[in-house]
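Note that the chains are named A, B and C in the order they appear, and that numbering of residues resets to 1 at the start of each chain.
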Amino acid sequence: MTPAIEVSGLVKIFGDVPVLDGVNLSAPAHQVTCLIGPSGSGKSTLLRCMAMLERQDAGSIQIDGQPLSIAGQHARKGDLRSRIGMVFQQFNLWPHMTALGNVAEALRTVRRQPRRKAEDRAMAELEKVGLAERAHLYPRQLSGGQQQRVAIARALALDPQLMLFDEPTSALDPELTGEVLNVMRRLATSGMSMVVVSHEIGFVASVAGHVAFLDRGKIVVSGSPEEVFAKPRHPRLTQFLETYIDREASQLIA
Amino acid sequence: MDGKLFLLMVKAAGVTAVCSVLAIAIGIAIGIVVCGATLARPKPLQIAARLYVSFFRGVPLLVQLLLFYNLLPAVGLNISSFFAAELALSLCTSAYQAETLRGGFLSVSTGLKEAADMVGMTLWQRFRRVEAPIALRLTIPAIVNEAISILHASALVSVIGVVELTKTAGEIAASNYDPLPVYACAGLLYLIMTYVIQLLGLAAERRFPVRSA
Amino acid sequence: MTGDLAILGHYLPQLIGGVVTTIGLWVAAAILSIVIGMAIALARSFGGPVVNLPLALCVQLIRGTPFLVQVFLLYFGGPALGLSLDPIPAGLIALALFGGCYLSEVFRAGIRAVPPGHVEAAACVGMTRLQTFRRIVLPEMFVMVLPPSVNIIIGLLKDTAILSVISVPELTGAVQQIGSETFAFVLSLGLLSLSYWALVELCAHAGRAAERRLSTFRFVS
């Protein structure tokens, strides 16, 4: 089966610091691939390269067997992009539009759907993330968790083949992470191909079909969660789990 | 000061209002173009726009008024003092508006633009649907302040002979030899117009709220 | 054109006098407005409502009306209240009050923007209120208010031109006088524009340099 997205030999250099140093990764379709690692390990940059928000210095990315060519014009980049949904750490909802407006916007401007049709679809997506009755509120009137759920609905409205999540719960208060993770769990069960950068080790261990641990721009360990978290662990992974997560959590997944 | 003179001043305040509103509207239109030029790729365009902004913000409006008033006839354009006044006011405010708008566009966060890119918008769609609406809303308070400055600056056009509120007050004061109440009355009328602009600004901010941007 | 320039050269003493008056008025007005602005800001921030309300009204009146009208009111209306002033003192007072009101708003915002935690921290190490103000609030505030204050003070330089209407012999007045005697209006006004432009850019440049040097001390995010 073709992987949802395949990255080979990816190199990204900021100034003279190699942030990604020859990364190979194959994210299986209809599964959740989780990227974990200490901050500065390059996991967000890897995700942003997949979204074409950063341009790699070497290497290639294939989505569904087709190469992503950054050299393409903006319009073509737009085509490919609307097949990829992206969820940002800071939600990035457009502040001048309601929740419904945010979700319907691309259907109207990019897909050129009539207003009614776009809004019906947007409403259906909001319903799926449990926010139908908040559809007419503006982002600043919603909690962080609700904003992130709207952002997920915005991405899903375009029927993407692949969803990318860049630390979707890092900007949230701890008591609000659950509602977002639940939406993501449901999405995973429905068979969506997902690549998730996350520090929520519990979520990673229970939902991921594939885990990659990055450190200093390289994938150090990868495989199924059972394989990756099995003991004996790679020493850098052990160190990461103990310093960045906490000792107890790392024992839970032992 | 009797009621008749007061009525005369209220009418003159109408001229002041027209002068200001025209200058603000034309100024915003030119300001948008100049702002576009400061943000554009070609270097010469950028430099020209920078010089424009710097000149019109650097020279006292009174001197600009006198310059236009004398310059245009000297190059063969016979224009009324009203036209010269409008020209100077509009050009001067457009430089300030351009800077304000530039600030607005620069403060639209990268994440909001990336979100637009990710749903497949073209650059033009992104500009029209995301950047421009947010930037305009962010600049409402600054535009209101600039509108008030222009209202106040419009008093200067009396110097080149436009018969607006300040000029009328001066004429009345010169004829009745009682300048204190006349100028106080003019001040009051300016104060009222200032509050009207402030109220309109507050209404606009409520109508187009944008925070957390 | 060169002939015109030669004529202007003839008026050099008058021009120099104008420049000296403009700069002198500006510097004096700037210093006075900083003092007035700070006094109003302190009185309004710490003086309670009895002090705050009347001052707020005065600031609103000055910020809500054109400077030109204020100048006329003081210069032509003053005598009715027993306040007969010569053009230069009248202009200086009007300019200083005008600048002071605008600066007071900037200073007040600066005082408010100092995080209460910093003041509490100073109280906790035993500083008196005066020490706290002098050693903590004032320096933090200074960094914040510098850019808008520089703008207002540059604005005052441009506003000195308005004083020519009550026949203060500053630069714009002098140039208009020369223009009406020689009919070289466009040339003299053009040169005048360039002089103001250069002066304003110079000040703005100095302001930005000061900001850069101080940006290391920007404690307040």
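Everything below uses one rule, namely that contacts are C-beta pairs under 8 Å (C-beta built on N, C-alpha and C of every residue); 3 or more make two chains touch, one makes a residue touch a chain.
What you see is a predicted model, and the numbers here were worked out from it, not measured in a lab.
*Asks:* How short can a path of touching chains from chain A to chain C be, counted in steps?
*Replies:* Minimum step count, chain A to chain C: 2.
*Asks:* Suppose every chain is reduced to the average of its Cα atoms; which one is closest to the average of all protein Cα atoms?
*Replies:* Closest chain centre to the overall C-alpha centroid: B.
*Asks:* Would you kindly say which chain has the C-alpha centre located farthest from the C-alpha centre of chain A?
*Replies:* Chain C.
*Asks:* Decide which interface, B-C or A-B, involves more C-beta pairs in contact, and give its chain pair.
*Replies:* The greater number of contacts lies at B-C.
*Asks:* I'd like to verify one number: the distance from the centre of chain A to the centre of chain C, where each centre is the average of its C-alpha atoms, in whole angstrom.
*Replies:* So the centroids are 54 Å from each other.
*Asks:* Using Cα averages as centroids, what's the distance between chain A and chain B in whole Å?
*Replies:* 46
*Asks:* Let me have the rounded angstrom distance from the C-alpha centre of chain B over to the C-alpha centre of chain C, please.
*Replies:* Centre-to-centre distance between chain B and chain C: 21 Å.
*Asks:* Going by the contact rule set out above, which residues of chain C touch chain B in the complex?
*Replies:* Listed in rising order, the residues are 61, 64-70, 72-73, 76-78, 80-81, 158-162, 164-165, 172, 176, 179, 185-186, 189-190, 192-193, 196-197, 200-201, 204.
*Asks:* Provide the residue numbers of chain B that touch chain A in the complex, in ascending order.
*Replies:* Interface residues on the chain B side: 109, 111-112, 114-123, 125, 129-130, 133-134, 137, 208-213.
*Asks:* In their complex, what parts of chain A are in touch with chain B?
*Replies:* 51-53, 74-75, 77-79, 81-82, 84-86, 88, 90, 92-96, 105-106, 109-110, 138-140, 151, 154-155, 158
*Asks:* Looking at the complex, which residues from chain B come into contact with chain C?
*Replies:* 54-55, 57-64, 66-67, 70-71, 74, 151-156, 158-159, 166, 169-170, 173, 178-180, 183-184, 186-187, 190-191, 194-195
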